[in-house]
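So, here's a batch of structures to check.
Each of the next two complexes has chain A plus one more chain, namely chain B in the first and chain C in the second.
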Partner chain A sequence: MKISSGTIRLIIPAASLALLLAAVFYMQPRAMSYTGLNLLFNLAVPIALATIAQMLIMSVNDLDLSMGTFVSFCACVAATVLQTSPVLGVLIFIGAILAYAAIGVVIHMRELPSIVVTLGMSFVWGGLAVLILPSPGGTAPTWARWVMTAKPPLVPMAIVASIVIAAVTHYIVMRSSFGVLMRGVGGNNRSVERAGWSVLGLRAATYALAGFFAILSGIALVGLTTSADANIALRYTLLSIAGVILGGGEFVGGKVSPIGAVIGALTLTLAGSFLSFMRISPDWQIGAQGAILIVVLALRLALNRLEKREKSQ
Partner chain B sequence: MTQILKREEVVAARGVRITFGAVKALDGADLVIHAGECVGLVGHNGAGKSTIVNVINGGLTPHEGSLTYGGRDERGISAARANGVRCVFQELSLCPNLTVNENARIMHADLKGWNWRSRALSLVKTQLQEIFPGHAIDCDSTIDDLSIAERQMVEIAISFAGTDKKPKLVILDEPTSSLDAGLAAQLMAYIRKFVTEGGSVLLISHILGEILSTSSRIVVMKDGRVVADRAAGDFNTHSLVEAMGNVVREQEFSRKTTRKTGTPALSMPPRRGHGLAFEAHRGELIGLAGLGGHGQTEALLDLYLGRNSNWWPTAAKEIAFVAGDRSLNGTFPLWSILKNLSIASLGQLSSRKMIDDGREQALGESWKKRIEIRTPDMGNRILSLSGGNQQKVLFARALATTASIVLMDDPMRGVDIGTKQEVYEILRSEAASGRTFIWYSTEMDEIRLCDRVYVFREGAIVAELVGEDITEKNVLAASFSEGAAA
Partner chain C sequence: MNLRRQFVEKPWIWSFAATIIVWITTVLFTGGASSFGLSQAALTFAAFSVIVGIGQMFVITLGPGNIDLSVPATMTLSGTLALKLMDVQDGMILVGLLASIAIGLIIGIGNYILIKLLRIPPIIATLSMSFIVQSVAIWSNRGLRIKPPETLAEFATSGLFGIPNVALVALVLSGLAWLMLEKSIYGRWISAIGQSTFAARMAGIPVDGTRLVTYMLCAVLASVCGYLLASFSGGAALNMGSEYLLMSIAVVVIGGTAVAGGNSNIPGIWGASLFMFLVVSMLNTYGFGAGFRLILTGLIIIAVILLAGGRQSLR
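Up next is the complex of A and B:
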């Protein structure tokens, strides 16, 4: 059977994750245990959720530069309001989802570049986060803490959570009718419109869903760290974009892969640990992380070229 | 005739008028399609074929005139679809990132509920088998992985397929442009069958053989109007070409009839391995004709890149380019008129890498006078000018350089007739002083201004016309192939 281009796009991220994992195990055999794996991938869960949120936005050819501040905002709400008065906390989250849908509507109606709108919104979310939690603190809701520190038998929680996230989002994005229409908007927005669908509604729904996953990311993050800070997740903006790209997604054309995005998030987290195990000084770590990204992306580009050449023959 | 009138009207557009700025895209066109007929629609570029298709499928609302589906007055894309109007567009309109059945899901809103994937798949498979028996398309693959012809086949199959209700009218805009002769014949056979079963088809094609053999009625459009509407049997290739063209017009200028010899200023081997080679001599005004999108723009870009590397533009610019799409790759919308004009000749305006303000001003003033840019101040924003005057600035930008060759990519789209006349004058005088112009135009009047014309079809040059031979009839005859798809 012929391998579809979607599968080929998944090979590189999966292979790079396996390679990194093998390298980590080689350098630190003790990581090859239940606790070791949990520690390695613990922080990947909120990143994976944020990456999924970013991937949804990217599937309609947009980009969300407010992801980091929005996740920080959600973490602050989760550590304060959601803990003290859950009803109000849930209402705030519903409001945030509606705000995301409204952003989608504005971007579509006024034909604004999503980068500009979300960059502006990032200051709004950042400001709200500081208002809610002026200094680091707060307490994680006990249930969030329980979920994130649960110890299922055989496989650590971080792995279970990643698999669940990948499976659920794969179903939504790749299998459901809504997912097809959403990716259709990214692939050829005009033909979706000509077939009589409301692209405006689809975009709003996509943004709302992205907001929902970003909120889950914030709660998961608080569940891990037990307290929050207005700047806790700032780097998630770029991490989430890098995760989508690393996982085989593309900036335009509605070509996304939820499984790839989760793998991308895992790879990014692992790359950090790998560099620490290599005793590379923290000063050089960000640069080295960038180098890993470039190598993986170069591999993918080479593979794409190969594929294209085969097709033209 | 009476028999046709008794048939049910599927869609009727009457007296439709649509204008885009100064351009009248449709000027009171009538198009009525009845059940059980295949209407062939032909016409040259800009005749209004695509516009009337967009009116019928609900994408454009007519500024004047009436539009009815089955006698009811409804508007909009959803209304058109609800009345069974489907459209296969000239440019592929599938989502390339989705699989075949996912695309069917998007086109057919009623394919919902449990197990829609397998239902969509069987729908497309059956339809493909019906239209193109013996095809080898893997329906599980993503559209990206299919060849252009296969994509076209899938799109046609999806449009003809019906879940609960069959489509009443299928509009096919150049459906065979990427199909080979065998597949095209299969499609034409299916269209005939579809029509005898009571469906109707609006067929647009540049292959007159198809139109003549498949349609029951042929509508000829010109300048946004329907100029002929008769049974297909009343036409033959010759009379069809004649109906599309203009009546012989007075030649209002004299062109150089002597053929230039010697080393050409610019040349290019035959494109796509067949057809004629391209040659341009000093001082010639050469037209690239043919239907839109048949490789003329690509030829211009190749000519440009042949002389000027994509990576490292050479300092001495011997070729200038006038872009066709002003807003996309022509103007700098935030800059002043003067800056838009001088951008291509900054090298000659600067001394020691600094721009000489005085010289720039002088250049602006001289061109303002020469081509009459209608503005009180060259420092005004370029967008303060009308479209035609913006285009004049773009011409001046190319002419102000020292380039001896100017390439023009259909730059007169949407420009009013007065401005056009002024630009034609400038072109003539510049050509007389030794500049070479290579001009891709979709307008016959402009092609007739040229000294020599190359006609493009399917990416290659198929004919060369010189002097008195440059007539609308000859250009049309060369742009439309007579037989089956090449």
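Up next is the complex of A and C:
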């Protein structure tokens, strides 16, 4: 039986998630229940959506350093304007998606480094978030709250949502012709251009789509926390990048995996719970999270080497 | 002499031009009353960004994907441990400095071990490293806020002929960095690696050794900056490095260093650091709220990049 390289890419993230989950279950058998799983993975949904957004940007060889502030901004909009006057809220979100598309256009036209442009944008989103919600507060729209706290039979919402996100984005990125072109831009934009496609349009569309997923992330986050503040999701910038890499994605070459990205986000969330079950002193929690990141990546390296050796034989 | 061409081709001219414009608008608004104090404050705070910026610049010069995210954590740990070690005694100032340099060396080596042995992309490697370093800092910082030795605090907050001492330190460090970059074989090597790692390796450049030294250099500069910042602000705080993550990257790029690597410049870092501080203080004097201030800062950064980037593509 021949396994595609894409599947092999997925085995490692999936195995590390399973390992971590087994460790959590071993230490806290009560987590092995409907409520337990929901609690463990609840916060993973917004992180997974932000990771998908980051993955889209990374598939065209760019990096979005404004992800955290943008998700915070979206959360603030969702908790205030979207709640009080839904039409205006939707308009703001459409404007934000257009802004993301415009960022893509500017980056492409002037051949600017995405890191710097998004760095600048992170100030803009941060400022807008402060303007909309100067102090923590707001209320989640009832429907967002309802979606995030829904209790489907048998499988908890967090798992259902993760599977839906993975399936939908897998279809968009890996199956649709747009996804192929998008990854093509990351792999070799000149050949995509020669084949007659507009790289400019593709990049703009990729950024717009990333903006859309980041907005969903903000709404999902507010649905969970019921209120927002301007700094609510700042750590998402680094979490989303780490999630993509953990899930087998690469910084360049359009090599990304949506299923992997979702698994990466779940792993990062679970790592947090794992550490609190380990009763590690709060001082060392962040450090242990770094260590877990290192261990998983080392594992990936070891498995990659194994795979190479098998191939050469 | 092709002096004029050189002048036009220097990317750092633009960051200085922007700095002067912002300075003038701020001083004009306050009726000239603040010009001295403003310049002093700008030099002091720019000095800290310059020191971390230089380290970050060397790393970014190594080529795409090379970036050190452990800068803030390194600053915090170095500031915390150095102050703890010195324990308000003037005699320990040098020991504290050496200790902070040693911390930088260890973190730099650690970063590169992760990058090289585990083949982790530098962004993720330095990020994971920074988590661990941050944890050590939290663990060692508990409880009391330790003051710096008096002589050191005095040194960090005073100046010579109206120029703040920290700015002088940053100036000396930038001079050394300029020598290393422009006149030493090491500088040629990192530029060569940034332009094409493969070609550099074929040409017999010790790529791994050079990259290791660069990550160590960046971490040492960050830890020296942490040492100075902790002394300047009268004690180490756990979040003292946080704003320098984005700052260190922003000043490098606004200063005209190519993000793709292989082309760097040090004067630009000064221009960009002064610019970044002055923009914020300008917006402050005009009485903007925090929200508008952030938005304008972001838009100004993007505008500067647009202008600078446009020049490059015309060439």
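Going forward, the second predicted complex is superposed on the first by the 304 of 313 C-alpha atoms of A that agree within 3 Å, B and C clash if a C-alpha of one lies under 4 Å from a C-alpha of the other, contacts with A are read in each partner's own complex, and residues count from 1 in each chain.
We take it that a residue touches a chain if its C-beta (ideal position, glycine included) is under 8 Å from a C-beta of that chain, and two chains touch if they have at least 3 such contacts.
All values reported here derive from a predicted model rather than from experimental measurement.
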- Which partner, chain B or chain C, touches the larger number of chain A residues? C
- Task: Pick one for A:G254: touches chain B only (first), chain C only (second), both, or neither.
- Result: first
- Query: What is the contact status of A:V155 with respect to chain B (first) and chain C (second): first, second, both, or neither?
  - Reply: neither
- Task: Would you check which partner chain A:I294 touches, where first means chain B only, second means chain C only, and both and neither mean what they say?
- Result: second
- Item | Which superposed partner A:L306 touches (first chain B, second chain C, both, neither) | neither
- After superposition on the shared chain, which partner residues are touched by A:G184: those of chain B (first), chain C (second), both, or neither? first
- Message: Between chain B and chain C, whom does A:P134 touch in the aligned arrangement: first, second, both, or neither?
- Response: second
- Between chain B (first) and chain C (second), which, if any, makes contact with A:L98: first, second, both or neither? neither
- Task: Considering only the touch criterion stated at the top, classify A:A242 as touching first (chain B), second (chain C), both, or neither.
- Result: second
- Note on the structure: chain A positions within both the chain B interface and the chain C interface are none
- Sort out for me which residues of chain C touch chain A in the complex. 64-65, 67, 69, 114, 118-121, 123-124, 127-136, 138-139, 142, 246, 249-250, 253-254, 259-260, 289-299, 301-302, 305-306, 309-310, 312-313
- Parts of chain A lying in touch with chain B, wherever the complex brings them together: 2, 4-6, 177, 180-181, 183-184, 186-188, 190-197, 253-255, 311
- Of all residues in chain A, which touch chain C in the complex? 65, 106, 110-113, 115-117, 119-131, 134, 238, 241-242, 245, 251-252, 283-291, 293-294, 297-298, 301
- For chain B, which residues are in contact with chain A within the complex? 57, 59, 77-78, 81, 87, 89, 93-98, 102-103, 105-109, 112, 116, 138, 140-142, 144-145
